[in-house]
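The same chain A turns up in both complexes below, where it pairs with chain B and then with chain C.
And now, the complex of A and B:
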């Protein structure tokens, strides 16, 4: 029996470890990549501990502008969807019971409609409206912020309505009647009685609406116009190659989330403690070194520690310089690269000799273009197709910058060589995102490629 | 106490779709009265109250307050204040803000409101509690805050919708006297809704007993208790022994009734049924348990006595309830005051019960209040 209990405890523990690993692992790894000087978001190989990506992020004008857009749109969405959601929820309690289910279905439908559809329909609708109402409205109705706020609010208002409905179910309509009976007008009853009662729900709905707006992509992607939001900007960045400054941004967002969650918890516990004291329920006063407001409030303690660590981190970042380490890594990589180059040269030489002995291989040219072509490269600006057919041209040209850019090894079956190439190249040029590459001629030696392709 | 503002209901009908909640109710409530509507739940008494306070528009008929027709006047414009069954104190406002809400909506200054709140808090014996939230008060304290809040609006008519039903027995009894005292002090008209006949009888100047949307009887507590107009009132207000039978003889205000299982009994005809009850009619006759007394000899009390055998008795503190069965198998309850004697009766005794004529009421047969 006891054995079984132990096994089930272990299984539960293991499950929890896996579950939290699954949940938090990606966040942890992503946060760590923000501190790796490697220009690709990775933790292995770990080059140097570095804060440079935060600087890159701070210098990234586009990201900063997109954050500003996101905040503006988020606030607009909060205002609009909280107002609409509250109105919809109030109407739900007022409407004839017979129509309630139908009304509820209609009002909840936008949650079920794909965001893409909402985005397209918003753009189309306001475009039509502007044609209908004349050119005076054109600027507004084609404005990205205007459209995005409206588009997002169509479904976010449904979310906020659910929050309000939940709160309203606990509202005693007798309170409004009591206010009216005491001489209040309907407006006064709403403002002085119902609205204060709804305040917590309004706060949570506002947070919900802001977060939903901030993270929205699929509706926004149709409506943003000239005002890309953060999600749009990030998506564009990923398309053209990313560097760890995005991890740095993610790290900051995670930290902010933790900070606010801790603050909320600390505040809640503080209030609970106060309420306990007010009710004459003495909270056990443990004498300790902690000041009163931290006592018995683990969230506040953690919050203070957290803030302390964050400030330390910030000050470290200002004085810390990993130049020494980076130089060492660079040297190590160059040495490795040189070694590989020699080996490749040697192998190519060997191959040449073999080919000369065999005579020209007629299958080789047709096999060659398959290698770079299959590596999933969308842009062909660097290696014109014609050149691919020329083995000499391939040398030092084609295949460069390709592998490090999309991060996946070419499918030609040359993993060890390309992988090493990425590392070597990164070591050479940290901070440029691996876009502009110095052709490491010999590392990417197509002779090597051709060797495999010819096999 | 007739200087207050009176309330009149004229042929009031209130319907909800097919359902008739109030049927042709006409009441004239004097200014300064403590007037109760008494009836079982669902009888339409709360509906009447909502019509007076303005939350409901009557389907037919009129509500007049101080002689003024209230049709089309909203609850916030009527000189009434309602104390809700669940009190409906504003949970997020402090006690003093609750009490002076009616001043706030009229735009009174905070200091003015504070002053008035202190006065009212003193009146309801809650000095110094003004800064608490309603949730921090006990049931009786909330009750008093609700009263103060309503009185702060200085209504001409105070409407109370079963405000004591949530309190425990002791507190309820205490609040009864307190409410009555407050009413006498402020001198305004109180309209009180209750299903508790004790509350209605102790506090009210006048009571209207309702059943299924119809007002069955209006009168003082005494009149309603002693001379119920209908079998429903007789059985709903207080305890009563009901004897069914046929009218054998009518002599002025008296009737001799041949009861089904207890012989021929004499009773006075209730005022409402005088001239209506005829010989041969189905009749009901009511005698309260406390109206019976024990005699040794039935001879001297012909027509006003009956013989029965004790089945059971219960001690209730201030009295004994004795349950008897007549020869014909009729169950009878009598109550004997506890004046310190040993067991007066014991199970199996045959007793002769007699009553005075003024304590027996006869009326045409009708529906009783369901147990």
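And now, the complex of A and C:
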């Protein structure tokens, strides 16, 4: 029996680890890539601990402008969807029972309609409206901010409505009636009785609406016009060439989320504790090293630690310079490349010997034309043989020509995307010597051979 | 003017100003934001893609061409089907279903565990940990999976380091990254409704069943799952609809040769500038997903009112 309990506890623990690993692992790894100086967001070849991507992010005009757009759109969406959601929730409590199901289905439906459909329908509808109402409305009805706020509010109002409905279930309509009986006007009763009761729900609905608006992609991608939001800008960056400055932004967002989640939890626990004390349920006053507001509140403890780490990190970032480390990594990479090159040359030499034994090289002419043009790098003239020994060329050919793998390191496959930085490094490498041993162009390049053999 | 009596009642409880404001707001939402745009998109999908000069002219008539294009392709001829688009459509629906079922299986144990353990500090910690990924941008979540599944990413590096494989697996091309990322993107929308439903289940019922000698499987089949049915169906509906309509994850994680149906809609709309064709495809997607959800709700006897609770 006890054995059984142990097994099921282990299974539960393993399951929790897997589940939360799946949930949080990707975010942790993504955050870590923000600190790697490698120009491709990765952690497996860890180059240097560096803050440079935060600088790249801070210098990115487009990102900053898109954040401003996101905030404007978010605020508009909050106002509209909180108002509509509250009105809809109040109507739901009053509508005739026969209609209630239909009404509820209609106002809940936008949650289930694909965001793509909402975006398209919004654009199409307002485009036709502007044609119908004349050119005076054209500017407004094709304005990205206007369309995005309307498109997003369509479904975000359903979210806020659900929040309000949950809160209204605990409201006693007798309160409003009493106020009316005592001579208050409807507006007064609403402002003095209902609104204060709804305030927590309004606050959480507003936060919910803002966040939902901030991170929406599917609807916004059709409506944004000339005002891309942060999410749109991010999506474009991710789709067309990625670099770790996106990870840096992700890291900041993750940190903010953690910070707010912890604050909310710490606040909740603090209030619970206070309520417990007020209710004559004294918290045992243990003499501890922790100040009073942290006692029995793990969230507050973690929050303090978390803020401490964040401040340390920020402070380190201001004085830290990874130049030393980066130079070392560069040297190590060059050494690695040199070793690889030697290996290649040795193989080539062997192959040449074998072919010389076989006789004249009949494959050579077909291989030659490809060689001089193979490298489009600016510094090919520095390398005596048209850059044919540039490891980058070999890698390119090995991809197309089914050449035997030449032991390239894991990051090899990513190099074409990394832009000028590594490209220049590769281009310099032939100057290191070692290329003078084979004066035969690239004819003995294994890639060429297998390429022609395959034909 | 004699107002209908039902409205009289309404204005008596709310007052004229508030009553009118509320009706205007709800009316604006339902009519201008929900109904009219959908209808206008439906209307649009039956029209030809004409240059502005010919709009409203004699050529501007209703047609089924945009829908025919999905089935028969550009030629419009009978017999030759638009296999590319139809395959994309079928794949999207099937994959969205598979993602939904996978999320259900993955979430059920956790929802049960969280729902049935009384709110200890550890459980609160787990809930806070769950909420964090929920507020991270959808794009960034997809981006995280792109990093992990890249050629030089951590998974390939780890597997090569362990000697399991000798060259990187292209997870992106194999669509493994896409399915994992889609499952991840909406997993919490499966978890939370289920958790809420199971939380309201009285523990005594389970204990009574156990005392009577019910097996573990029996308890879940006869007590927990029937009680959690509204939560389960609500979660499944949301995950299915959202993954079938997902755009970000397929754009970022999808392989170069395989498309998601929403990407076709996007292409018609933004690349080909053929809004009519895009509307038709969007309508097909909407109708198909609604039909599937309603069918499953009918099979499992769930009401629409349970959704969103």
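Keep this in mind: the second predicted complex is superposed on the first by the 340 of 455 C-alpha atoms of A that agree within 3 Å, B and C clash if a C-alpha of one lies under 4 Å from a C-alpha of the other, contacts with A are read in each partner's own complex, and residues count from 1 in each chain.
Everything that follows uses one rule, which is that contacts are C-beta pairs under 8 Å (C-beta built on N, C-alpha and C of every residue); 3 or more make two chains touch, one makes a residue touch a chain.
Computed from a predicted model, the values in this text were never measured in an experiment.
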Combined model on chain A where chain B meets chain C, clash or fit: fit
Partner chain(s) touched by A:172 [first = chain B, second = chain C, both, neither]: first
Partner chain in contact with A:19 - chain B first, chain C second, else both or neither: second
First (chain B), second (chain C), both or neither touched by A:325: neither
Which superposed partner A:351 touches (first chain B, second chain C, both, neither): neither
Touched partner set for A:304, first chain B, second chain C, both or neither: neither
Contact breadth on chain A, by residue count: chain C or chain B: C
Which superposed partner A:255 touches (first chain B, second chain C, both, neither): neither
Touched partner set for A:197, first chain B, second chain C, both or neither: first
Which of chain B and chain C A:71 touches, first, second, both or neither: neither
Which superposed partner A:182 touches (first chain B, second chain C, both, neither): first
Chain B versus chain C - smallest C-alpha distance in the overlay, whole Å: 8
Set intersection of chain A contacts, chain C complex versus chain B complex: 185
List of chain B residues in touch with chain A within their complex: 53-55, 74-76, 80-82, 84, 86, 88, 90-92, 101-102, 104-106, 136, 149-150, 153
Parts of chain C lying in touch with chain A, wherever the complex brings them together: 6, 10, 13-18, 21-23, 25-26, 28-30, 33-38, 40-41, 44, 106, 109-110, 113, 121, 124-126, 128-133, 135-148, 150-154, 156-158, 160, 167-168, 184, 187, 237-238, 241-242, 244-248, 251-252, 262, 265-266, 269-270, 275, 278-279, 282-283, 285-286, 289-290, 293, 304-305, 307-308
Residue numbers on chain A that touch chain C, as the complex places them: 12, 15-16, 19-20, 22-27, 29-30, 33, 40-45, 83-84, 87-88, 90-91, 94, 96, 101, 104-118, 120-125, 128, 150, 153-154, 157-158, 162, 185-187, 190, 211, 214-215, 217-218, 221-222, 230-231, 234-235, 238-239, 242, 246-247, 249-250, 253-254, 257-258, 261-262, 265, 298-299, 405, 410-411, 413-414
Chain B partner contacts - residues on chain A that touch it in the complex: 172, 174-175, 177-185, 188, 192-193, 196-197, 279
